[in-house]
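Structure provided below as structure tokens; questions to follow.
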Amino acid sequence: MHAGGFYSAGSREGTKKQSTMRGYKKPTVSIIGASGYSGAELAKILLRHPSVKLERLYAHTQAGKKMQDIYPAIDTDIVLESYGGATDSDIYFLALPHGEALKLLPSLAEAGKTVIDLSGDFRLKNHEEHLKFYSREKDPAAVLTYAMPELYHDDIRLAKVVSNPGCYATSIILGIAPLVKKPVKDASVTSVCCTAISGLSGAGKSAKVELSFSEMSGNVRAYKAGMHQHTPEILQALDTDTLNPAFNFMFTPMIAPLVRGIYTVLNIQLEKHLTVSQIREHFREFYRSAPFVRIRNTMTEVQHVAYTNFCDIHIAESSENGTAVIITAIDNLVKGAAGQAVQNMNIMLGYDETLGIL
Amino acid sequence: MHAGGFYSAGSREGTKKQSTMRGYKKPTVSIIGASGYSGAELAKILLRHPSVKLERLYAHTQAGKKMQDIYPAIDTDIVLESYGGATDSDIYFLALPHGEALKLLPSLAEAGKTVIDLSGDFRLKNHEEHLKFYSREKDPAAVLTYAMPELYHDDIRLAKVVSNPGCYATSIILGIAPLVKKPVKDASVTSVCCTAISGLSGAGKSAKVELSFSEMSGNVRAYKAGMHQHTPEILQALDTDTLNPAFNFMFTPMIAPLVRGIYTVLNIQLEKHLTVSQIREHFREFYRSAPFVRIRNTMTEVQHVAYTNFCDIHIAESSENGTAVIITAIDNLVKGAAGQAVQNMNIMLGYDETLGIL
Amino acid sequence: MHAGGFYSAGSREGTKKQSTMRGYKKPTVSIIGASGYSGAELAKILLRHPSVKLERLYAHTQAGKKMQDIYPAIDTDIVLESYGGATDSDIYFLALPHGEALKLLPSLAEAGKTVIDLSGDFRLKNHEEHLKFYSREKDPAAVLTYAMPELYHDDIRLAKVVSNPGCYATSIILGIAPLVKKPVKDASVTSVCCTAISGLSGAGKSAKVELSFSEMSGNVRAYKAGMHQHTPEILQALDTDTLNPAFNFMFTPMIAPLVRGIYTVLNIQLEKHLTVSQIREHFREFYRSAPFVRIRNTMTEVQHVAYTNFCDIHIAESSENGTAVIITAIDNLVKGAAGQAVQNMNIMLGYDETLGIL
Amino acid sequence: MHAGGFYSAGSREGTKKQSTMRGYKKPTVSIIGASGYSGAELAKILLRHPSVKLERLYAHTQAGKKMQDIYPAIDTDIVLESYGGATDSDIYFLALPHGEALKLLPSLAEAGKTVIDLSGDFRLKNHEEHLKFYSREKDPAAVLTYAMPELYHDDIRLAKVVSNPGCYATSIILGIAPLVKKPVKDASVTSVCCTAISGLSGAGKSAKVELSFSEMSGNVRAYKAGMHQHTPEILQALDTDTLNPAFNFMFTPMIAPLVRGIYTVLNIQLEKHLTVSQIREHFREFYRSAPFVRIRNTMTEVQHVAYTNFCDIHIAESSENGTAVIITAIDNLVKGAAGQAVQNMNIMLGYDETLGIL
């Protein structure tokens, strides 16, 4: 595999977008990996999207079945196919297990397609971290624009091939970024303790005893404490060295008995005490052009964002000694995956960012 | 395999029981199949039982692990073993997948052990039905005492080897038996429509996508409508021909998002209208010596019986044209499996029926 | 209150509809009773509806609050108001507790508004049954078109004021109607045993211990067996006398630990045995122009219809002696309330029936 | 009210205990506040306890009802009474809303009864904190022995009247105490970030919309961030000034869709890096005579401790810069309330600490 020019932001020739948009037909979309939860959520959103046409659904293990037989709540007659290299759609979403996009993305990118990859395959710039967390050899240069619209809107707009952020990473980065990327005076961040609760759809559609209803009803379980693959992704997006970060970063992910949602509690140590309202106003200012980030005065809850593309953020507390408690909530399948991916598509196609996801 | 005398009730020589009980030591117990939910529930109950000693836990796939590592809520140091034919305990519970008890039970029975089998292997007298529902060849005579204490207390008391009822069967038979086994005047039963909701522990500890939390949260699903293996068991216990029953019997089992419990709604058509209070008094009289059956004036609920050995029964309605609506609730792992099995052990050993399970 | 002409179907003058549709502006909509679950679901659907404009939300107890503060997942700036008799919108949805619509609907109807009432206030033709189940005096003639689109499409199309069906009633009527309204040869229905499981949103947004998470997690509970107010509604829609029905009808509703959905098991006794495929084809034919009824070959599940306006129907079994087991599933808040109400609005306005709800 | 000698540990004359134990009768027990979840859990445990006799259950609002009618899973014929000052039992458990024990405890204590109070009324030594968090005037000296057996075993053994710890406090204190009370060399604690997820039974048996199944299913919500009444209790038990603690302490409690359990993640900043195994061995040593604390090598889960009196602790991570991640799990109704209360009773009566709760 050759790491071509498409890996870097801004590589897209303007004309390509034009040609897609100039005609009278809506751009066509394919989803590769349509049978998992993120793929299905993508299908549901794209079927209702007013300005693209969902054309093909690929899912190797379910090829030949109707999508509706697997997800009866999704109203479509499209039949799942095995992906064999087709490039007939204008836009490709890759919702594949980690490692699979590595094989398929380059040829799609080279064919000039608009590609949004939901896997972690092309997210990490630090190659050692990539190998450590994803265990897949690849061209170290094969890293894509990290498509978090609230932070990299312009890069996304110019890119043809992007990497969609991880679900935990989305909920965490958005809750820290304003304090790290644009610190308030001397109040720089010295440490972050993060605990996050994920709904079980985050573990994918899989046959595992420990994910069964009988095992998870009434249960809570942490896992991968200090070892989650989203840690380097978070640090990278916060502009700090992933191996030697500018601030101490601790992350404990947990699963609890809910299907959708990530609820994140951030204890952020600042060098200087800021009041809750100072922090809140700073966040409001930072996200003033972000249509999906809501800085809320009252406590966030998972049900406030479930089935939506919102990321809700509440500044819960700020102690005298400078620890701010910030709580964020997203739907892991929407803002944490499919919704953010369509948001990115909208930006890449020059559409209104909220089209089809508000 | 030779179907020996142990298959019929009353075959036990009185002396065996005596020798077990005469000494100063508590009888010892082993569980074969201790790693599933029924086996674990048995272990939990037997560890607290005041008059037996839990000695060995067998589980082929988990051999070598401590029981407490698999079920940390169960406080014991016993290590799981692979069962190799030992007969050193006085009492054996078999909590194995259907088909497995067929191989192990005969030698335990012939060694004179007290055996309670929780599988369906030895329940059905009609051999064709056995083959149809359990698909295992066996000696057609190999049928054990059907150990439902409320109906066959004396047989159980005299037996050394018994078959513990199925969970759905328990919840259904107890709700119909008084009207079929001892009909009120001319009010014989002409048809029964039965729907029953089971907790997901009834499906066992298994790795299946369709039993995952993500698939079952917020979901309800019927299955095996008209084809459940408990249907012949129910009809047999109600003294009617399983292939040509005296009354029409329809059964639709369902799973819903709970772990424990079976909630059964019976629409029983009688030839004559009986009032709710007539039926209630008839049930009270029928079950007057059954310590675990409670005829309740108010609506039954699963939470009223969860983690108990009770079967609660409520006569909800009786229409003018003779349809009685009777609702029963049990905990599928206790009264529907492990609790009833210990109740049977108590009876077989001459103990108070409620010892260790009230 | 005077029971004017608007209570009977067909009373609408054609011109009114025209005037609404002829102009360039979308018709405007108000919801009275917007703070309950059905009202909120209506708001969510109507905000995305392409051909009407949601204008006002009324909710007495929450007046002054922003809708989004109560339901943060619903993206709107509309502030809840107390309803004081305004008639400035073109269309009114009433999602009020039983008894409240009695007071408000007449003046809206007389003002010529398109009105869809989600309560039971105007459903029952038999006045005694109305008094028995709803305990509210009213003009016995005040009964509206029963707006179940699959059965009364033409009446709805011609009506300006309709009564939206109840949630249980929807799930039950759709599963029986083909066999009662258009019986297959001699196979008329002689009795129906119905058990239905409802999600807890069906009990409304209310502060009750018995509806708390701690009481309902892991629980199942029947209630109102034989006494549910939907029974006369069902019988009336099936064209039989509610007090002296042509077939025996038993109904046991239950609640289980899910939020959305009604799962209904119908044991329908026919005078003659029909095969599963005969019944299935009959249902397919009966519902061939009903875009939201799906006759499925495989088992229905609540998750297949959750968050959709579909009613899924599966013919699960048909015994030799003529008992058919038919299972239906709907989302109680969508097809059982808000979705069906918008479907009715679409029909009344001459829109495509599926607009905004597919 | 006069703050008599009973408020301080060690005030009990040895003879009292003797007289209780010398006779042949089991000591008798009453529960005041038996209709809430903690009271019911106490009743369940005490009914099975081999060495005390549960005699009376008091519950003002439910007086006259049988306990079994309110909690059908609890098998007893005891009828609930209104408490009018009786002192005929030997032991009293008070499971009342905060503020109620203030009124009842003194006369029980002065009558020489063994009293275990589950409320927060007598926990805080700092009177200002008491007023701030419990808003009840009382004698500032009225503070009882803080009955956490793992820390204050000897004080409890000598006391006749004790205050049972709060549920969150139990789960948090046990996870920090070894590092604060007996620091490893120079590794003193400089800050603690604590997030804890509680089951909804912790909110009591109450009629609130926000605790309904429909609102909490699929939801997570933090509350009282930085303002929970257990914060001063925790600091006090950790021997530091509650207003000016020796280490920074942040606490964010949350509720999630489970009934039982508290799952606590502690990020503890130490002045020096200790390895996971150093911390683990230190905890094992610290708790070596605590029968209910288990230091586990593998991840803790709520289901490992649900329905048990165990507190499981897992050292999940220890970063190079000295942040240790420690995770604890308890059942809030057992180790967090009723179980710990019986453990205390066992100690106060000179019984084996585990009697009736293992």
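So that you can tell them apart, the chains are marked A, B, C and D in the order they are listed, and the count of residues begins at 1 in each.
What we mean here is this: a contact is a pair of C-beta atoms (placed from the backbone, for glycine too) under 8 Å apart; a residue touches a chain by one contact, two chains touch by 3 or more.
Just so we're clear, the structure is a prediction, and the values are computed from it rather than from any experiment.
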Of all other chains, the one whose Cα centre sits farthest from chain A: B
Contact-richer chain pair (by C-beta pairs counted) among A-C and B-C: B-C
Chain C-chain D separation of Cα centroids, rounded to whole Å: 49
For chain B paired with chain C, centre-to-centre distance based on mean C-alpha positions, whole Å: 41
Per-residue multi-chain contacts in chain D, two or more chains: 199, 215, 217-218, 257-259, 301, 303, 306
Pairwise touch network: line, ring, star, complete, or other: complete
Complex contacts: residues of chain D adjacent to chain A: 191, 193, 195, 197, 199, 215, 217-223, 225-226, 248, 250, 252, 254, 256-261, 263, 265, 267, 269, 299-303, 306, 316-317, 319, 321, 323, 325, 327, 329
Residues of chain D defined as touching chain B within the complex: 69, 72-73, 75, 217-218, 294, 296, 298, 301, 303-308, 310, 312, 358
Residues on chain D engaged by chain C in the complex (per definition of touch): 37, 199-201, 203, 205-209, 211-218, 257-259
